[in-house]
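What follows is a pair of complexes built around chain A, which joins chain B in one and chain C in the other.
This part shows the complex of A and B:
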């Protein structure tokens, strides 16, 4: 019995170490964001200190406010997400359910576009956007963001649409409901959850994007990730402030991640399961 | 029997409807990924140097010939192999170990799962900055606090070339091991419990049970993880960029970063495009080999 208890204790200890390794840097960041710059550099580090919201105030309303950058991120990410869903849901329905000509190759094509390394595409994007004068514009950025969110959204939606029982659709069609009405009023309500999860993942991916944002953005359209990155290279020492900015930028993805936590595994492996052609 | 006569038109109508639904997304992808891909191939045959625009012109295979004699390219290729190989192995081995451990914990699995999700949802660029400013700086970084407390001294984790490579590998492993952990945990939890019962009755020891029963059953999940994580590691960018920028010197400059720096720091887009083509070729080759291996298994 005591040996068993010891083993359980060891397992628990192992698990707690793990938890600490993953959670600690983030908690440490939270602590840092509540310190004064002087407390940050104190040695040994202060675990008990007088918390201050000055960093948040400075980051939001000070001279180097990130509010415009949060707005840029929100516009780019929000519009990208809406457009992606408007394009992806119908396409996924055609792939999952309808007699689409060239269905298999169509599906494979969508999957293949996802495998292209972003660094390979950024050079043509830059050259083309420069030529048409769309560098550092919302429309340029959103157009490019569509290209990496679409394949993912289509495949995730396909996996949800395939789970809808076929009978529902057939019954609706027999009622002469028409194809569009069947899709809108019979199929889509069935995959509400899938649409919500897909929307969350598309938003997460776009919000976290950095490479395209740093190359194709500029003074007008500068997402919060890029702004933070500039922070680090310009103001090396203001780490409490950087931590506060990071906390603000991270808040939406953490909340969305927690909302979608049960679906994370599915969201991250979608396509791989199908792409292997095993199932 | 009116139905049979209107059947072909119905089928044709359904096809047309399917095309109308699929075409917008298809066009966006074709214009947004396939056309740029050909543009990239074409650009790699040109001299496009934005810092010396007067030199621009058709170069044929010049960029590729230059690459063969470029030690920085070979260095980046070697680093790509090391970075991709080590991060993928670490993610799978650690993730598997953790999943086996956590599976035996009667309580607290939910808390662990939530902790595991945190790194996954964070932007890699934020993760890179976090490690650079909070964990890795000498003297007051978290890691140095630990090593100094243990009497191992202070280290310049991002400034020393070899340590910097270890550091960026660690950062990637930290952020993405939770992913393989979650996937393996999910597939372990989905295994039928009677398999283990039977083996336990047979008095097979834990190690043999793992090798002969558990491992073969979760092999598909591991194959998926390896394929996906290789693709991601090959084009890893933001975390390294934020933590070291590819430096010190070229110590952490994997091929992906070299292509970026050449294109957007040195503004030599022609050569950068050629480097990107090589990266693309490697990615396609790896994915092709992995999928074939997986199908053969």
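This part shows the complex of A and C:
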């Protein structure tokens, strides 16, 4: 075997091991979701078994259907993500480009809100929402979700916007495009990848959020994470249904990831100025 | 969200009238069809009828709306499914909120500390009453029991509610939470395996170890024992207190909490020794659902845990040991005592409620804790999950309940009832307002000894130091 082939083989083996670490839990979950509760506990674990869709039927249409919870999650996460991006991009642009008084301290303050552990914020949030009657409502949850997704998105976007060459902006401004048009037609297309990445992260953070959802939500707004937790009851853990619910809850994130992937790659490869990027 | 309950009650009556007419018509048409229709009409009335024997005005708080936080569990699901009857009876509307067991204390505390009165009542952990009471967050219930406009004791029969659970939910002799559902800790063992080896369920902790030696056969996937090993005030600190007490431990010495006495160390040594010799290695991360899962797969000889776990072991969808299960009381410890938990889910009344809401909440609590509702959520429940944690002595002795529980396995009712009546111990755990922090500290110490990080004595000495700090505030 040539040296080269050996090297390729070793790399492949290394990559497979790393990939397995990532893929194993998901594959295991997928298999579990297709088993009966009895097969889930079988030893040695059954790799060949009669697959059943009963768990999916049960979690989607059974007595403890997670469909309303999926809807809650989608509404909370979707609106949070849209609002975050609408507000974060202009804010990040201002922090990256404009000469504002107090820009540095303002930027630091945005970050500072991220430094408190969420557990420390939960009681004040609970009290505020209770006062205004927003506990267990969509507007309440979204407002709270913005508090952690906005700073995160702003800071991520600032780093992308700072990488756009100033020359492009100056050229557009010289052509009398104006700030807003420059931002919309010149800058934003350059940071498409950044926007896609930020959107995904904001969506992921909100989708997987648990602490605020369980404390500030309730019967009306219960996200799919919290609903899933109820499969682990004090009486028993319904592993197969839990796995089926987890598989379903993963789907929107995976779909979003696949949709955004094209833009991420494009955002990375398209260079407007030769040798572009920050020098 | 508000509904017109008067309207609803009228509709109920109208339906009954219609059914009576149908009944009359059926009588004329053919006597064969009659029994079914009579049965139907009776079932409709059972929802309200027997409650109306109580000489109180059930509708005194009509129009109130209360929210009740419970955990996702079949014993609360059964209650929720009967709630429309309560609404029709009282005109009080109830909204239930299911909160995962790990979070319900946190959410209830948030509500109580902030006095927002979100939850009129909630499924409360008995260990939290000292904290609730020292802050006056919940109402003493004795005045509701004594008030004849609110409680007809000839009907409700407060003294019938299991004494051990009432004591567990009382502080300085006053009741603060009405027991709804509870459990006792029993030995659950593989009768077939024990019989084959000529063993009897252990009467003492020493016999427990001897039995374990005889049964232990990990090469053939049979581990002798498993006790909760997962760290947590409600997990390993559920098993250890029973051992501690039966080794002669006292939580209080000279008015202070003492957790590192000689008895405490021996109890922890016993726990660590048995778990390391006879339990699967994973037991350190096991809570009781994991133990019940393992037992249901036939890989455990015995475990000690809540009697309610029998439901999982007898679930035909999951279990391979149906018909092979036996039950016995806790083994006696060195001081000759058997000590079972006093765990129950009780309903307190939030002190931040308005007076009318408090009355509405009390009506809900008496409705839920009454013998009628207890029976209707247990053997008379239509669904498959029938509660085994009923709250009254009379129900535990009733032939219907005993008949239902027989199916759980050999000696189930006897073991559970004798434990309830003889082995409960109010001082099972230290009942102090600081319990949440004390419990977690103990849980950490127990686990660090179990995994071999520390010797029992050192782990408990450290816990003592921390607990002294906690108690000083």
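Going forward, the second predicted complex is superposed on the first by the 225 of 279 C-alpha atoms of A that agree within 3 Å, B and C clash if a C-alpha of one lies under 4 Å from a C-alpha of the other, contacts with A are read in each partner's own complex, and residues count from 1 in each chain.
What we mean here is this: a residue touches a chain if its C-beta (ideal position, glycine included) is under 8 Å from a C-beta of that chain, and two chains touch if they have at least 3 such contacts.
Here the structure is a predicted model, which is why all the values come from computation and not from measurement.
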| item | value |
| --- | --- |
| Contacts of A:54 with chain B and chain C, given as first, second, both or neither | neither |
| Touching partner for A:36 - first (chain B), second (chain C), both, neither | second |
| Touched partner set for A:146, first chain B, second chain C, both or neither | first |
| Which of chain B and chain C A:207 touches, first, second, both or neither | first |
| Partner chain(s) touched by A:101 [first = chain B, second = chain C, both, neither] | first |
| Of chain B and chain C, the chain that contacts the larger number of chain A residues | B |
| Which superposed partner A:117 touches (first chain B, second chain C, both, neither) | first |
| Touched partner set for A:79, first chain B, second chain C, both or neither | neither |
| Contacts of A:22 with chain B and chain C, given as first, second, both or neither | first |
| Touched partner set for A:177, first chain B, second chain C, both or neither | neither |
| Intersection of the chain A residues that touch chain B with those that touch chain C | 41-43, 122-123, 126-127, 215, 229, 232 |
| Residues of chain C that touch chain A when the two form their complex | 71-74, 95-103, 106-107, 110, 113-114, 116, 118, 221, 289-290, 292-293, 296-297, 299, 308, 311-312, 315, 317-318, 320 |
| Residues of chain A defined as touching chain B within the complex | 8, 11-12, 14-15, 18-19, 21-26, 28-29, 32, 40-45, 87-88, 90-91, 93-95, 98-101, 106, 109-110, 113, 115-128, 143-144, 146-147, 150-151, 154, 179, 204, 207-211, 215, 225, 228-229, 232, 239, 242-243, 246, 249-250, 253-254, 256-258, 261, 264-265, 268-269, 272-273, 275-278 |
| Chain C contact footprint on chain A (complex, rising order) | 36-38, 41-43, 122-123, 126-127, 130, 135, 214-215, 218-219, 226, 229-230, 232-237 |
| Residues of chain B defined as touching chain A within the complex | 11, 13-15, 17-19, 21-22, 24-26, 28-29, 32-37, 39-40, 43, 48, 98, 101-102, 104-106, 108, 111-126, 129-135, 139-140, 142, 145, 174, 178-179, 182-183, 186, 220, 223-224, 227-228, 231, 234-235, 237-238, 241-242, 256, 259-260, 263-264, 269, 272-273, 276-277, 279-280, 283-284, 287, 291, 294-295 |
